[in-house]
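Just below sit the structures, each encoded as structure tokens.
In the two complexes that follow, subunit A is the common piece, with subunit B as its partner first and subunit C second.
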Partner chain A sequence: MTLLAKPWIWAWGAAALTFALTIGLTSGRGAGELAYAALSFGAFAAIVGLGQMLVITLGPGNVDLSIPATMTLAATLALKAMGSMPGTALLGLAIALAVGFGAGLTNYLLILLLRLPPIIATLAASLIYQSLAIWSNRGLRIKPPEALADFATGRFFGVPNVAWVGLGLAVLVWIALERSVWGRWLLATGQNMRAARLAGVPVERVRASTYLAVSVFAGLAGYLLASFSGGAALNMGAEYLLMSIAVVVIGGTSIAGGNSNVPGVWGAALFMFLVISMLNSYGAAAGLKNVLTGAIVIAIVIAASTRKGRK
Partner chain B sequence: MNTLSRYRIILPVVSLVVLLAATFWMQPRAMSYFGLNLLFNLAVPIALATMAQMMIIMVNDIDLSLGAFVSLVACITATYLLDTPVLGLAMLVALILAYAAMGAMIHALELPAIVVTLGMSFVWGGFALFILPSPGGASPDWLRALMTVKPPFAPMAVVASILIAVVTHLLIIRSALGTVLRGVGGNTRSVARAGWSVLKLKACAYGLAGFFGVLAGMALVGLTTSADANIALRYTLLSIAGVILGGGEFVGGKVSPVGAVIGALTLTLAASFLSFLRLSPDWQIGAQGAILILVLTARLIFSRKGAET
Partner chain C sequence: MKISTMLIGVASLALCAGGALAGSHLANTADKRIALSNNYAGNSWRQAMLQSWEEMGAAAVADGVVAAADAYTTSESQATEQAAQIQNLILQGYDAIVINAASPTALNGAVKEACDAGVVVVSFDGIVTEPCAWRIAVDFKAMGKSEVEYLATRLPDGGNLLEIRGLAGVFVDDEISAGIHEGVAENDQFEIVGSVHGDWAQDVAQKAVAGILPSLPEIVGVVTQGGDGYGAAQAFKAAGRPTPLIVLGNRQDEMQWWADQRDANGYETLSLSIAPGVSTLAFWVAQQVLAGDEVPKDLTVPFLKITQDTLDETLASTPEGSVANVTYSLEDAQQVIAGAK
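And now, the complex of A and B:
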């Protein structure tokens, strides 16, 4: 019963169910490949989802809409700097993280100095990041250095390397949220910003660090995704806007803020990928797939809200 | 309160006039019937989409599905409305009802509008792909004729924008319904206490948004003469930006229909202006973001000055 009361159990249960349904279709063949793909693609969704979760925890109205543009910009600039040369992987990583940091700083300064609602600030900024990415990319498709591509698509103890990165990040975020003062501050700010400020929580520092974190995570996700898929593309981040918000909500984090859930993000990230691959293996057309994905997200939001209501 | 903060319409007007003056200075030949028509050609669907977004922002929600919705409408207009007008019309009416139902559901179940509309954007986009898997279709002749009509004195886009502004101003600012709808954004509880059904009002606001979204999609097809499933995706961002540029606020039911139309015109003009600057088209999207930030900075400075006096 205590296990069933955990909000993240639903996301993991749904992920397991979809996995079983997909495998059932092929009567057990391809289970390993499916798990590998789910862990790899789930990792990208989980990394941006963790960042989005921190921002949503800050309270109503806080959401980062610049994640796709930041991912694309970070990946484009990192791959351009590496120029497919061997031994430049760390340089690329540093550039991707720096781009993320810069984007986060810009977002936060817009919110702070112009007193913009975060939605409009991140939206306006994302248009600029997108332009920067288009301008610097010019339609080129630069391959990542071979060693980096091997790392991004490789595995360690049977688990994809990108999934290790995503898991490591999840553990870090969990520790920061549950075991550090910063985590307590973040939750307090999300529950009631005014009360938190009066209680001596450095609210602005918490907000700044959160918006920096989400963008740095997005930069990392963009870097890994570009290395994984053999190059940066201008629309590579597009699907991660819905994805980042969906995995947070499905994972059991409260959209009203002040309450976050790290394991749920991973469960939901796996679930989202598995749903799409299940629809693929049942031969659904692209249109139907989109309709069902949207309907499932809404159904889960409704289910989550009625569950909350019964308490 | 000084004049500037009391009349929040001043800033959008000034932004548009400054941008227009700069455009004319760069390219004097644009100062003609034909030139204005080219500059504001695509303003009508954007202005209509902005009106749709305004209806949602008015009741303190935000609609991230609008671009996909307008694309879906465009696909239906370019196929069903052309071949089987009755069926096409029924589909468009059903879409408006679906929007109203979405509003009722968001209110009744206390769902976060941002997540529901983001999910719906996939649903609309999926349906659009069903109808038009690849770009195509054609505009109904009457729609094409309506969008390319050449009224005397001012081009179609300008006349239509003024018409949209006047109609929505009467609807939202002057009518009883509009006042109550803005009240939902201002103070939901007191509207409910006064005996109104907030559920019905929210459904009404979303239904209006659906209606204007449908008009936007139809106007777009009338201009482009064909459609595809991704034709209007950027309208989501443009419409939000237009409402905010026009002096609207995210919360509190503070919106200005006239301002929002002007905001939409400013954004349309910004794209044309950049091509006059011979700036690379790579920067067009970014420039819209920069203009948005600039105008909001200006608004902040004015409202601070207002607070001091």
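And now, the complex of A and C:
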């Protein structure tokens, strides 16, 4: 019962079920392959999802829509600077993280100084980031340095390296949320910003650090994804806009803010990959695939939220 | 060698001059202004398309062929936004508008307004159905079918195919896929055992293929839509499966991969797509219409096919990370027009 009360159990349960259904089709063959692919591709969704989760925890109206553009810009500039040359991987990483930091700072300043709603501010800023990415390299795909590409596609103890990064980040975020003062501040701000401010929580510092974190995560995800798939492309971030929000909601984090759930983000990230793989494996047509994905997502969200209601 | 190249140069110059002279019974277009209305710029193909237009447009203005050749791109790829853009271009007094449309039907109202205002409208790639406009269309169905026909020549015994489709719900995706399925129906030694949407992007295709591969039997060939072949190859490699025959789509990273594989193990395949420079073909068609030539309303763009023999040459002329391209000339446009008459 206590296990069933955990909001993340639904995402993990759904991921396990879709995994079993897909493997059932091949009577067990390819289970390892599928798990490995799910961990690889789930990692990117999990990294951006963790960032989006922090922002959504800030309370109603807080969401970062500039994630795809930040990913694209960070990856484009990092790969251009590395220019496929060996030994530049750390330089590229620094650039990607710096771009993420800059984007986060811009987003937050737009929200703070112009008093724009975060949805508008991040959407408008994302047009600028995307244009910068286009302008800086006109969509040319530059290959990552060989060693970096090997790292991004490689494995360690049978688990993809990118998944290790994603898992490490999840642990960090979990510690920050559950075991640090900052985490308490974030949750308090999300539950009631005014009350938190009156209680002496430095609300603006919390907001600033959250918007910085999500963009830095997006920069990291862009860097890893470009290294993984052989170069940055202008449309590489597109699917991570809805994905980042979906994994947060499916993972059991409250969309109204003030309540986050780290394990759920990973469960949902695996599920989002596995459900498409399952529908593809069963040969569902595109329209049906979208309808089914939507229906399953709604079902999980309802299941996870009614549980919370009964608590 | 020097002299012979020079001679060829002189000969081609003479041919060009001849072509220009042949066109000289037509009206002068030196004071005409042509605009490009483009709905999307967010991938390497569209970037190359815009670059071709800019380079060729600048040359055409410098040579006094036209007075202006400006490019405009909408930011959100919405049909409503592009319709408003076309209305602006009419007000700005352009003589011709070349369109890569967001939708085949949603712009018809704006296109009709342009025609009524005496503006020549030429649509290409993303065409419009409004009868008053010219259409430079791609036979996407034939493109899909020719992929299967190529596979049939290479794999006479047939086998299982994996189909990578484009963006769900887009007309181009339906057409190419229909052509592929038609080809498979005629070559029944093949069977499509899996189909995924790769959204014409390497990373999306890689993800989708990695997800479906564990449930698939042995795959002999992969039919694609362009921009997805490299991602598919990566997914097969990551799964530790033998690389099947993947039909490619003219992207530089795909061709580089092909060349590497060929050098390593004699890999052979075919690559085909539409050259982004088709925007320049549309420019010359618009110019010819403005000059008073009788141009049929429906024209077809030739595919740019890359084979084992032309791989090295094409690879050398394609900028790293871009897509194989051709810039069309006035003569090319005249040929396409003559072919349709």
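We adopt the following convention: the second predicted complex is superposed on the first by the 298 of 311 C-alpha atoms of A that agree within 3 Å, B and C clash if a C-alpha of one lies under 4 Å from a C-alpha of the other, contacts with A are read in each partner's own complex, and residues count from 1 in each chain.
Note that contacts are C-beta pairs under 8 Å (C-beta built on N, C-alpha and C of every residue); 3 or more make two chains touch, one makes a residue touch a chain.
Just so it is clear, the structure is predicted and the values come from calculations on it, not from any experiment.
Q: Based on the superposed arrangement around subunit A, label subunit B with subunit C as either clash or fit.
A: Here subunit B and subunit C cannot both sit on subunit A without a clash.
Q: Is A:A124 contacted by the first partner subunit B, the second partner subunit C, both or neither?
A: A:A124 sits against subunit B, while subunit C stays out of touch.
Q: Which holds for A:I134: it touches subunit B only (first), subunit C only (second), both, or neither?
A: In the superposition, A:I134 contacts both subunit B and subunit C.
Q: In the overlay, answer first, second, both or neither for which of subunit B and subunit C A:L17 touches.
A: neither
Q: Check whether A:R115 is in contact with subunit B, with subunit C, with both or with neither, and answer first, second, both or neither.
A: After superposition on chain A, A:R115 lies in contact with subunit B alone.
Q: Just checking: does A:R29 make contact with subunit B only, subunit C only, both, or neither of them? Give me first, second, both or neither.
A: Second partner only, subunit C.
Q: So, A:A195: does it touch subunit B (first), subunit C (second), both, or neither?
A: Neither partner.
Q: So in the superposed three-chain picture, is A:I245 touching just subunit B, just subunit C, both, or none of them (first/second/both/neither)?
A: In the superposition, A:I245 contacts subunit B only.
Q: If you stack the two complexes on chain A, which partner ends up touching A:N290: first (subunit B), second (subunit C), both, or neither?
A: After superposing on A, A:N290 lies in contact with both subunit B and subunit C.
Q: After the overlay on chain A, which stretch of subunit B ends up in the same space as subunit C: 113-121, 221-229, 257-265 or 293-301?
A: It is 221-229; the other listed stretches have no clashes.
Q: Which subunit A residues lie in the overlap of the subunit B contact set and the subunit C contact set?
A: In the superposed arrangement, which is not itself an observed complex, subunit A uses residues 127, 130, 134, 138, 286-287, 289-290 for both subunit B and subunit C.
Q: Name, in rising order, each residue of subunit A that touches subunit C in their complex.
A: 22-23, 25-26, 29-31, 33-34, 37-38, 40-41, 127, 130, 134, 137-143, 153, 225, 228-231, 233-236, 238-239, 273-274, 276-277, 280-281, 283, 286-287, 289-290
Q: Of all residues in subunit C, which touch subunit A in the complex?
A: 41-44, 46-48, 51, 75, 165, 168-169, 194-197, 199, 201-204, 206-208, 210-216, 230-231, 234, 238-240, 251-253, 319-322
Q: Touching residues of subunit B toward subunit A in the complex: what are they?
A: Subunit B residues touching subunit A: 62, 105, 109-112, 114-116, 118-130, 133, 237, 240-241, 244, 250, 280, 282-290, 292-293, 296-297, 300.
Q: Which of the residues in subunit A end up touching subunit B in this complex?
A: Its residues touching subunit B are 61, 63, 110, 114-117, 119-120, 123-128, 130-132, 134-135, 138, 241-242, 245-246, 249, 255-256, 285-295, 297-298, 301-302, 305-306, 309.
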